[in-house]
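All chains are identified by letter, namely A, B, C, D and E, in their written order; residue positions are counted from 1 within each chain.
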Amino acid sequence: MSVLSDIAAEVGDDVRTAARAPVESLKDARYTLEGIREGRVSAASVLKTAGITAGAVVVVALLLFPLYWVAVGAFSGTGASLYSSSGIRLWPADPTIEPFLWVVGDLILPSYRITMGLGGYELFVQTPELAFLDVSDYGVTETSNFKAFFVNSLTVAIPTVILAMCLIVPGAYALSRRQFIGRSKVLYGYVLFTQIGGGLGVALLIALYALFVQFGFNDNKLALSAYYAATAVPFNTWLLKTYMDGIPVSYEEAAMMDGAPSWKIVTEIILPLSKAGLATVFIFTFLTGWTEFVVAQTLLSTDNYTLPVGLYSLVGRYSIPWARFSAFALTFAAPIMLIYLFAQRYIEGGLSFGGMEG
Amino acid sequence: MSVVDSAVEKATDNPVVNKEDLPLLLVLPGLFVFLAFMLFPVMYLVYLSFTNAEPATLFQGKEQWVGLANYVTVLTDGQFWNSMWVTWLFVATSVALKVLVGIGVGLVVTGARVRGKRLMRALIIIPLGLPGIFTITIWRGIFSSAEFGLANQLLRSAGLGSVAWLSERWMAFIAYNVTEAWLAYPFMVIITVSALQDVSEELHEAAMIDGAGFFARFLHVTLPSIKRPVLFASILTAAASFQQFLIPYVFNQGGPSRTNELLIVYGYREAFRFQKYGEGAAIMLVAVLVIGAFMMLNVWKGRLADGVDDA
Amino acid sequence: VGVSETDSTSTPDESGNGGGDDGEETTAQEETESAGPAGTFTLWHQRAEAEKKALEQNAEAFTSETKHTADPAEIADLRKKTTSAIPAGQGASMFDWAHDWTGEYYQNGFLSDQSESLDVDLSVYTQPAQAAVQFDGATVALPYAAETVGLIYNEDLVDEPPETIAEMVSIMEEHHDPENGKYGLSYPLNAYFMSAWAHAFGGYYFDESNVELGLSKEATLDGFRLILDNFVPYQPKDTGYDPQAAVFLEGNAPFAINGPWFLGDVKSNGIDAGIARLPSPEGDAEPKPYTTVKQLYFTTRVDEDEAKAAAAREFAEWYTTNTDVLSNNAEEFGYIPVYKELAESGDLPAAVEGFSKSVALGTPIPSHPNMGDVWGPLEDAFNSVKNGDAELQSAFEKAESDIRSNWE
Amino acid sequence: MARLTLETLRKEYDRGRVVAVEDLSLDVDDGEFITVVGPSGCGKSTTLRMVAGLESPSGGTIRIGEEDVTDQNARKRDVAMVFQNYALYPHKTVMENMAFGLRMSTDLSKDARRERVRETAEMMGIEDLLDDKPDELSGGQKQRVALGRAIVREPDVFLFDEPLSNLDAKLRTTMRTEIQRLQNELGITSLYVTHDQEEAMTMGDRIVILKDGNLQQVGRPKDVYENPANEFVGGFVGSPSMNFLDVTAERDGDHLVLDDGGSFSYRLSTSFSESLREATDERNVRIGIRPEDVFTADDGANLVESEVGVVEPIGSDNYLHLDVAPDFIARVDSDVDPTPGETIGVTFDESDLHVFDSQTGESLLYRESKKQAAPAQ
Amino acid sequence: MARLTLETLRKEYDRGRVVAVEDLSLDVDDGEFITVVGPSGCGKSTTLRMVAGLESPSGGTIRIGEEDVTDQNARKRDVAMVFQNYALYPHKTVMENMAFGLRMSTDLSKDARRERVRETAEMMGIEDLLDDKPDELSGGQKQRVALGRAIVREPDVFLFDEPLSNLDAKLRTTMRTEIQRLQNELGITSLYVTHDQEEAMTMGDRIVILKDGNLQQVGRPKDVYENPANEFVGGFVGSPSMNFLDVTAERDGDHLVLDDGGSFSYRLSTSFSESLREATDERNVRIGIRPEDVFTADDGANLVESEVGVVEPIGSDNYLHLDVAPDFIARVDSDVDPTPGETIGVTFDESDLHVFDSQTGESLLYRESKKQAAPAQ
């Protein structure tokens, strides 16, 4: 739990830093300007910085241009197409947020009555209906099933993450810290399967489906989570193991000298120190459950569709409603972007393959 | 009693499993769950590859054992060998491109003089969060052969003529590469950035004092320091390239005229389009074996499985 | 006097299938019109938006009118889902798709022959529709609409739809100006869309009765030549569906060759479109497009449970013969009726009228399983000719040999 | 607090190819502070880690108090260890770092633990840092916390593995005094590993000198300094190092004259000559003389003329590099400041002379005192 | 080889919130070896890095020879630097490491470069290591390679940033001599940063003492040791540190009597009293006396009785911790070995006394000599 509260605190820090960033950079700019005036800072070096930064912005802009292009489509409303015979538009001709409203739908928290028995009396609080967004105000009448898909995705992705963590963390620890029979075989096997798990084709899918049916697990979101967790095991175990390799053994030894039993060493020392690795694994396993399409589509019934399946069901036999499709996809990716934005420093640390330097 | 005792003694003496191997128990759940989901399907696939299964026969359990016939068919099919070589070519070019883009962008977003690096790095990984089928469809649109395809419009505004991207073999191949690079660059950049942050500042300074310019420092300090992580990422991403399916399939089904049919597309077409599950399974397995051997070789060569206690 | 068993036909469902998609089965209720217990069945479809909504409303109506329950479910990739679920003994009792899977699925054992149990006589449907739902003497589906491509023209740009190809070419010529984003024609060039011309001079793709290919026949090649000479020069160079659709939808092309499903987009883009039959080539040749019949398939799941089967059958019969449903479909979505009573009534909506003329000319896509192998090589061959990589004759000969080798 | 006994303790690595510690026996009294010193790789850390339970010995026994702990798990032994890199848990505050051991090995209540930590922190002068994380501390503060973490548990035995080697020179001296003060106060049996002989000398009640896994000498610092058991110890202990010279002992009547064949010649007294002759028949011996025992003289017997190389001032004294032998240093008063190149006369007292066997390096004259200096053996 | 001149060199960090180096002026003669010493964070590295061109100064100028290099890129300056962690390129062999600088900054042919490297390697005694990778070397060898890499380029100026601090005590002494030998041989202008005052003292032609970015004193080691400009320098230079005592100077006729209100009382001579009275009107001063200047005495004038705390033997001498003041240490001969707790009498010569202003810490009596000791200013 302390890990969670730590993470919460650090996210808080990040938010604060992010909020302060503009002020800080303004101050920096002022100091630099003063510096130039007083001759403390050479103007050439400032110009160089500005030029290089501009260059970096151009690179980033180029990389993200396809996404921008998609976003333009999403804001163009119905009739938008990936193909436009009238030339590139850098700005929607007739900007509208209708597609996004269609995706998100109403955000209304219905009124609840919270009651509390109190010695014969009954107190109750009637919460007001909270309407964050009522899309009918904007003339959008029908909406997508995004929210239902979203809930389904969460109910698949969260157990996936939990289950995967339970499988991955002990394995990674053992592989990183202990010598035992078959260790290197498992490691090799895992590295091997980090990639060739996918791509085995339709026949595999049929076999998999048959397997699920055999155990009566089809259309079971939990079973799907288990499957995702299983596929996430090799790569992520391996990743976390590599990360743990970088944690100095002396911390463990210190804890051992402090009289901590093995499991305490793991929960109190290794896990908190593996935060970056855990965050990375968290993101990757979450992504597994969040973006997988084929198996989810095969296994789940319509009511249980997850977001990618929901997204794909927008695709018609011949054509795709581009504005809505894009808006759906961008909304779909938004949580990932947010999570990543805050987990960035951990992920970059968690992927550094510190143990591999040499 | 004594029998039990001696058995216990034997078990504890047993050199195969001893007390030090208890940590194996921590690995087993993950291994078990993984195998539970992968082993049966894979075995099934192996079985299929030795039969003449087709949808009609398969589902009625009427498929027949045909031994190595499927493998013979596959290995004597010219189209298979074309796929094999295109696939390796694609692996080579796309990995080179991905590594270049990854390092290039990685350098840009870690540059000492670049302001706002963190934000840039966060923005740059967005493609990671989008489903592949979506982004690939977008790129299919970009590389439309139509005069108003995005790539063609850019070419034309640069004063060049438009290109029939997807109906010319090498143009299509280039389009695959660009798209693959775009799909994979977030991963490559993340790894490169992590690696770049570990490059010793002191080494850079030493080189600077030794009189090395930017390029020489990159060559002699940066590159050797990030070599291993980048190599590792390249291997992973090479495997991804090897198994690329969606790009050729969505773009032009590995066309034009099956010239760019990557191995998995070939297998898919055989298995699904032409309904030869047995042959499809054989192709998939050959592909898996090839990529498996490739990975093994790299893992072994790059000593990627090593850890602290092997070191 | 003994205790009489009232219900011998239906056994209480033990859910021996491991809990499928079909939900709860209700046990017998004797007092309804038709004999047998009430059933619930699932109907898979891949319809979007308005069409989906209409189907759901129809299912509701059916459920409230009868003792049975119809449960429609939208599927993201119907082909993948059916091919993996049905063989595993799972999946819906019924699904909604065009007739081109009939042969293949029946041979694979996915479909159930209901010819013995159906109450409706197939002769109430048009001839091609009758053919579509049958394979090898089995009736595996019931048809409710036909579909094909026709000529759609932008009324702002074209006053009168052209009767002949020559007329059409001259109008296209007038509008074609790619430099400024204007094109003569919007026409996705896939095998289905091109079939009208391949068949126009007496050629054919595939002869179902003799299991024979006709791709490299001179008459077929003439059809391809016609496309290459008269249409390709006026189209955007990317002949995929979306890029082709875009130019018409943006008002940048006078003509589109497309199907009724396109009309929704046309309408929502504010294009005033007229529909006409496809123009004729010179001489007495007529374009003969492949038509597809939309139908409700019975899967093998219905064989497990008579109540379910009865429900599915009853829904299919009701849906394919209910004139309210059918004419509404025609009006809203351009579904061309195949229920004779309606199809021959002569008061079809204008949009449907245009397409139904094309249907009248056309031939149904063969439902033979071998047909599935034809599309890919055909398109590959056509594309390589179009790109100038191959000669017409040799390309299609090669396609034929590819297809044959896959048939083995 | 307890006695610590090592008996023929042995550790092999790589299937016996590396013998890190070879049959080491040592007896540490209750409350004694033993420093272990030796060059890098001599097996100091390995010994310490075996006592801690972090490595299991390949042979021999370890006893703490009366208990044989050789096969006992590290966490069961009541020992505390201070690591070279401190090994403070980076994610825990100082308070949590210090309380962790108590939490794990005692069943004190949370408040009682905090109380104990606070007391110890006060003793260490780090009570203001209790809420900080290790990252926020300076090197000296970290060192204090690491000590505090060990102390708070009141263990039977303290182990230190080069705890000061990451600190700068000034801080090292301060912390050295600090540790001595604490040890005096707490009187806990301690084993202190260092590679710095000065640290070992000043801190240890007794000092243990290892080389290549072998025990060289054990004894009180002064005894070891004055009576090194062999050439290695002589050279290792003391800074600057003892000067060595290979000489032949020529007989001249009752006297022996030591001669290196060059400018060096030293005539021994009869008594010294006699004991040397008793000790060895070899004519070639190696003599050692400490830099501070060399003094300049203008005339007199046994004067050695030599040229001055570098003169290193260290403030209080000057180090004269002389060409008597390579690296021959005389530590003289800072007033004595010859210019490099000058020739001066130096000499030393016979009583300051150490004589070693030129083959084995064993000290030839002080066997007795060596034996007595290492009673533990 | 060239003169190095720093003029009011200044470096700010964090928008001026941290002043790492404050208006430092220094003149290093051609061929001179200057050591820069000071506590952690005093700006030693920052200064060095500005000279190297790795940081750009916030003010002031740097001149090498006649050329103003303040705004010149590091790689254009003809300086070489030895880093604390050696900073050897891990993927290059020793040969490649050493040749890299030549390759980058000269247009020698490959053979010529190899020749130069080989010569230098011979000089350093590392010619056998040329084909090894840094990983395979021991600490001392790495250090030698790092030196070699700097030397081979024959730069105008040598910069050293604590090059020996990662080595163990014995090795440090050896390498120190090695560097001195090289410097004598090559005579390249050098700036050598260390936090170890002994290193600074023994190695430097002159020594620069910094504190908080401010220059404290520049001078020959002996001068600095004997005439510290202020209390800080007095305390920093010399080991063990100078003992300090706050005293009041009471007048007693022509004499001044220094009294700390406790057991300490010291009567100054008339001449000393006079100069002190000339120097300050303050009655409260702080006196400093070096440990080696304190000696034990049984009787006589100015005897201070004090109790012995810890006795630290370092072999050649003993350090007696006395209760005259906290951390008051007398360095005495190792023969003098009182038992802790014993009371002994100690005293010192008036000439060894340092007197500092109790407010500013400035030395009160040695202004003259201080001025003269720092001619570079």
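The criterion applied here is as follows: a residue touches a chain if its C-beta (ideal position, glycine included) is under 8 Å from a C-beta of that chain, and two chains touch if they have at least 3 such contacts.
This is a predicted model, so every value here is computed, not measured.
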Minimum number of chain-to-chain contact steps, chain C to chain E: 2
Shared interface partners, meaning chains that touch chain D and chain E: A
Chain pair bearing the highest count of C-beta contacts: A-B
Chain A and chain E, separation of their C-alpha mean positions in angstrom: 55
Length of the line joining the C-alpha centres of chain A and chain B, rounded to whole Å: 21
Where chain A and chain C are represented by their mean Cα positions, the distance between them in whole Å: 40
Sequence positions of chain D contacting 2 or more other chains: none
Chain B residues counted as touching two or more neighbouring chains: 141, 144, 146-149
For chain A, residues contacting two or more additional chains: 82-87, 202, 210, 312, 320, 358
Chains touching one another, given as label pairs in label order: A-B, A-C, A-D, A-E, B-C, B-E, D-E
Residues of chain E touching chain D in the complex: 39-40, 138-139, 165, 168-170, 173, 177, 180-181, 184, 195-198, 201-203, 221-222, 225, 236-241, 290-292, 310, 312-317, 319, 321, 327, 331, 334, 337
For the chain C and chain B complex, residues of the former touching the latter: 83, 86-87, 104, 107-110, 178, 181, 236-238, 240, 242-243, 246, 369, 372-373, 376, 380-381, 383-384, 386-387, 389-390, 406
Of all residues in chain A, those that touch chain E in their complex: 27-28, 31, 35, 40-42, 45, 358
Chain A-touching residues of chain B, taken from the complex the two chains share: 16-17, 20-24, 26-27, 29-31, 33-34, 36-38, 40-42, 44-45, 48, 53, 104-105, 108-109, 111, 113-118, 120-135, 137-139, 141-142, 144, 146-150, 153, 182, 185, 190-191, 193-195, 197-198, 228-229, 232, 236, 239-240, 243, 245, 264, 267-268, 271-272, 277, 280-281, 284, 287-288, 291-292, 295-296, 299, 304-311
Residue ranges of chain A in contact with chain D within the complex: 6, 248, 250-251, 253-261, 264, 268-269, 272-273, 275
